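Several structures are given next for inspection.
Paired with chain B in one complex and with chain C in the other, chain A is shared by the two complexes that follow.
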Partner chain A sequence: MDTIIQQLFNAAQLGAVYALIALGYSMVYGIIRLINFAHGDIFMLGGFIGLLLTTRFGWMPFYLLLPLAMLLTALVGVAIERVAYRRLRNAQRMSVVITTLGVGIFLENLVRLTVGPETRQIPARLPSAPVVWLQQHLGAFVTWDKLLIILISLALMAILWLVVNRTLIGTAMRAVADNKDAVPLMGVNLNLVIAVTFAIGSALAAAGGIFYGQAYSIDPYMGIDLGWKAFIAAVIGGIGSIEGAVLGSFLLAGVEVITVAYLSSNLKNGIAFGLLILLLLVWPWGIMGKPTLKKV
Partner chain B sequence: MSTQPQPEHAAPSPEPGPSRVRFWMVCALILALALPLQLSVDAGLFPDVLNPYYLHLLTIIGMNIILVASLNLLNGYLGEFALGHAGFMAVGAYTAALLATKALPSAAALPPVLGTCVILVVTLGGAMLMAAGIGYLIGLVTFKTVGDYLAIITLGFNMIIVNAIQNLDFVGGPRGFTGIPKNTNFLAVAVCALLTLGLLRNLIQSSFGRVWVSIRENAIAAELMGVSIARAKNWAFTIAAAFAGLAGGLWAQNQQFITPRSFDYIKTTEILVMLYLGGMASLSGSILGVVAYTLLMELLRNLLSAFAPQLAEWRMLISPLILIIIMLTRQTGLLGNREWRWLRPRQGA
Partner chain C sequence: MKLCTLALLPLLVLAGCKPAAKELKIGVSAPTTGSISATGQSAKNAIALVQDEINAGGGVQVGDKQVKVRFILEDDEDKPESTATVFQKLINQDKVLAIIGSYTSKCSNAGAPIAEASGIPVVSPWSTNPNVTKGRKFIFRACFIDPFQGRVVAQFATSKLKAKTGAVLYDVASDYNKGIAEVFRDEFTKMGGKIVGFETYNTKDTDFSAQLTKIKGANPEVLFLPNYFNEVPLQIQQARKLGLTAVMLGGDGWDNPELVKLGGKVMDGNYFSNHYSPDIDNPIAKGFIAKYKARFGLVPDAAAALTYDSANLILKAVATAGKADSKAIRDALAATVGFQGVTGNITYGGGGDPVKGAVVIKVEDGKFVFDSAVNP
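Coming up: the complex of A and B.
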């Protein structure tokens, strides 16, 4: 029983990181129908910006460090959209996708060359004592940092949900997702809406990167693996849907934790991708996605 | 840049007549140059001019041409976005490596030239068959989807293949496969690359292959004309996979050491960069893209290590930058939808 609860918390922690990345994929896809393959590397960059801040500005408390890293990464995300993607917005779909691939490799190599290829750990800034209450009542050994990561992630997702569903900019984002051509005619600044989407997605990914660096470790190529996993999660949940991205992330993390705990850690990636392919075949639009019609 | 010009799809209609230089003449010329080159490098003649390094570069170019041209079949002519080419290359490489080390006798036990030829034919044939078989099975699943989802699924299969090989102990698992005999040389690669180009060229111009372009242009119209879309796509996928397997088989027997990680997503991206640099739906573009990219990378390596050795690694930033710049400025690549005249078929033939 206690190990099951512990595994549940492990899955929730991993799922929270996946969800923070998957939301960025899903939002960008929902709005401009673009698979942003560089998003996993934005997540990696967020982790390294967090590392830089913690090592250079050691006095900075976590509640300042996290928003600052999110802000910086958001700026990078917006800059990339401005420089590399905006000009291609009306081009063939695949041209943009390939550009995002290029941006991703560029970021990986840039970090590798400037920081180094080693695996690093962000110095712990969250308390790592076990949660006494859980230990006494459920017998599960869960540390505070794990619990905090899960809770802060859920809070960020709740804020995102409020922004998308309760604010003017969120309404504009949903409108663009619905009809990109009609929205500018209504006087909405399309470029601004898209920039804000990239900013939010990048900021969430940065939070994910820092959490990942606190819980595990970071290296310049982690964006490939985790980015793909998060992307799978977004697709399983139904890409373009915020609730779907979160649901898919926790589902995928659950499957992965079970695989590692009861089968073999070598099979982790194979099973994740197998699950993706299987789900796409029986459920092409994901759990919460909307089907698109094929038009003549 | 609100309205991008539509890429000039469709056949280049009013073509000038084909040139007097025919495809077979180019092949004959290349082989006539390759044979003495290979022999004199092997014999160690003129070590200053005929550096084995140049031959190695040419070998790499030849193998990359096979990879890029076969991916062009899918991404250029068929107009899908397949992202798993390195996976089929891995299948070919491991099949050829297994055949060469476990099933066949070593080349030393056979008569000198003929023995190597036999080994090459068997290993490469096995690699192509295996890759084609797996490509066929994967294609059955893959082409239930289109567009973005197809890209994801092909990439997913690439990851699964790499992951599966990592879990197979008898091929070395994550440590890699060592001790593969060196059966491939530049001459073999040149012959294979020319055969690939010739086959693909004829296929694409045949009625069998024109179906692919018709699907790219308008799948629904093609279907109304009686084209079985699923079958045509699966054929393209199987053929492309077979050639990727061929390149993998050559690769394994040239490098003599392969690891699963060298066939992951990064390799696929490298193939894509060369493909898009050269241009979509153009075999001439595939050749040009590979040559230009490989030479550029080597030039940068040499220049940087000569003048700024501390910056030598920074060339890794150049390749993604090239990709981004091509996409921003010239989306059809250097030779998109165009062919050199000697690669076009004869009119009315």
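Coming up: the complex of A and C.
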């Protein structure tokens, strides 16, 4: 039996989680040219907040749990920006990057100390029965939770696109991305725009963390590896670009899954990253990235 | 003034030379944090039990006097590089006589060369990879080795489950997983089975769906997962969600209460090979299990039982050697014959690997149930 369709669903689920993380990297970079290395750990924290809510409030349905966890994680993201990054906004670039690494290590150890180092799973809140239609018509064994994770992720990305392109705050975000120094002179509250960006990025990462904890598992250090993967996906797509982050994520997940399916699981990372280096040689700014020219 | 100091000097030298052997120090290198911290916890519990037992009786008999024993436990985080640091610290700073550890084979392989070079005897409770003791004089273990374990599982699959086709998914970055996976593949093929899938992943991967979907396409009757208890439940869960129906098999890396805590119902009906079963009729094991349960409220896993045996092996060797000397302890260890432990009898026939049997355990209703015993 051919399993290609099933593999495509595997890739879509993984790509959706990568994309939810990659968006946060890309948006923050787009606005203040900061690579927030603590973002992978925000994703981890979102997963653990989801775990806490599901275990403490067993009655809470998923459609309430997901937004609540996203909101809480967004608050953490905003708090981190306020406490750790804002004062360094005009400092040397390297100081902020080191601070983001420090915040990441702090979050990892905070969760390890309070929750413990063991691998955990978020108790299933989505139905795990196979989708009968797909099984009968395409011969693919896909469970409902996998399909829902993919669909909800895509919906969140669509909402994000609308917010950025169709609302006032979105316009402000795009304006700040275009010229951080001139926009405040027009009466735009720069701090607010940056805070909103961190909030949105953290909320999306939290959704990714919860989906990851449902589909796979969570542990305090998962943000490191997955954060890197998502960061790479954002760079491939063109860092700073929302469409690029999504495209890069699905591309990375697709290459990974196809390598395992048709070549060898031993070569997964080797081939995936080798291909991506080639891609960057062709498009140094990423697929959707805008070349920034330095004026001399 | 000067004369006075000079006159005192011989006294001081004498005082310095006198062995101040108030206690005997034995090091323990165990992963009390990190991904398999549950195993480190088992080790810690077993060591606490041994230390209290021996010291309650006044300590270990060394020559003509009794000496109290102190176990110094250090966390190696289940990382080879940390294990090397821990071994160095135990040997150079704490001046331990012998070391118990480490637990996973990749860590033992990092620590063993350091102990070997310093002439400190090591008993690894849980490292089953053959390379750990190979070509080394000071390294011993309390458990069987992977070629035996791989054969036990392959035999179980072909003769008891009557499986004709099998597949393997293993962590290619870990010595233990890789070693046992290859033995299983070879033995299963030799016994007339066919390996239809041989897939790998890397430590810390959490998404196995691409590999499992590929294995599903080959439709094996059994799937061998020689990985650790913190990953196996996720692998089985993902496999079931992808529609894989094979019986899952594993090795001693499955043995930890976390396995069913994390996996729940999906673990039922699967089998793994192990060092001992709490159901086995052995008076020493019964006593140990009762004490362990009373103090920690848990049924001891194999890592706890093997740690208990390793510590007692060393204490017995110290008593046999009659002196607190690492070389003498090593010689006494190598000459161990018919040591009766929780996990069976241990005899070293020259090398550091004991000749021991294995058991196959079935997971039923979230419990580990004895299925069958296999002797070498």
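Operating definition for what follows: the second predicted complex is superposed on the first by the 273 of 296 C-alpha atoms of A that agree within 3 Å, B and C clash if a C-alpha of one lies under 4 Å from a C-alpha of the other, contacts with A are read in each partner's own complex, and residues count from 1 in each chain.
As a working rule, contacts are C-beta pairs under 8 Å (C-beta built on N, C-alpha and C of every residue); 3 or more make two chains touch, one makes a residue touch a chain.
Note that this is a predicted model, so its numbers are computed, not measured.
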Tell me which partner A:Thr171 touches in the superposition: chain B (first), chain C (second), both or neither. neither
Mind working out whether A:Gln121 is in touch with chain B, chain C, both or neither, as first, second, both or neither? second
Which partner does A:Leu14 reach: the first (chain B), the second (chain C), both, or neither? second
Classify the contacts of A:Asn266 with the two partner chains as first (chain B alone), second (chain C alone), both, or neither. both
One more residue to check, A:Gln92. First (chain B), second (chain C), both or neither? first
Considering only touches as defined above, state whether A:Val257 meets chain B (first), chain C (second), both or neither. second
So the chain A residues that chain B and chain C both touch are 112, 264, 266, 269
Chain A residues touching chain C in their complex are 1-3, 6-7, 10-11, 13-14, 112, 116-121, 128, 130, 141, 143, 145-146, 212, 215-217, 219, 221-222, 225, 256-257, 260-261, 264-266, 268-269
Of all residues in chain A, those that touch chain B in their complex: 35, 84, 87-88, 90-99, 101-106, 109-110, 112-113, 224, 228, 231-232, 235, 264, 266-267, 269-270, 273-274, 276-277, 280-281, 284, 296
Chain A contact footprint on chain B (complex, rising order): 1-4, 7, 75, 81, 141, 144-145, 147-149, 151-153, 155-157, 159-160, 163-164, 166-167, 220, 265-266, 269, 272-273, 276, 313-314, 316-317, 319-321, 323-324, 327-328, 331
Given the complex, residues on chain C that touch chain A span 33-35, 37-38, 172, 199-202, 204, 206-207, 209-211, 213-214, 216-217, 219, 230-231, 234, 237-238, 241-243, 258, 262
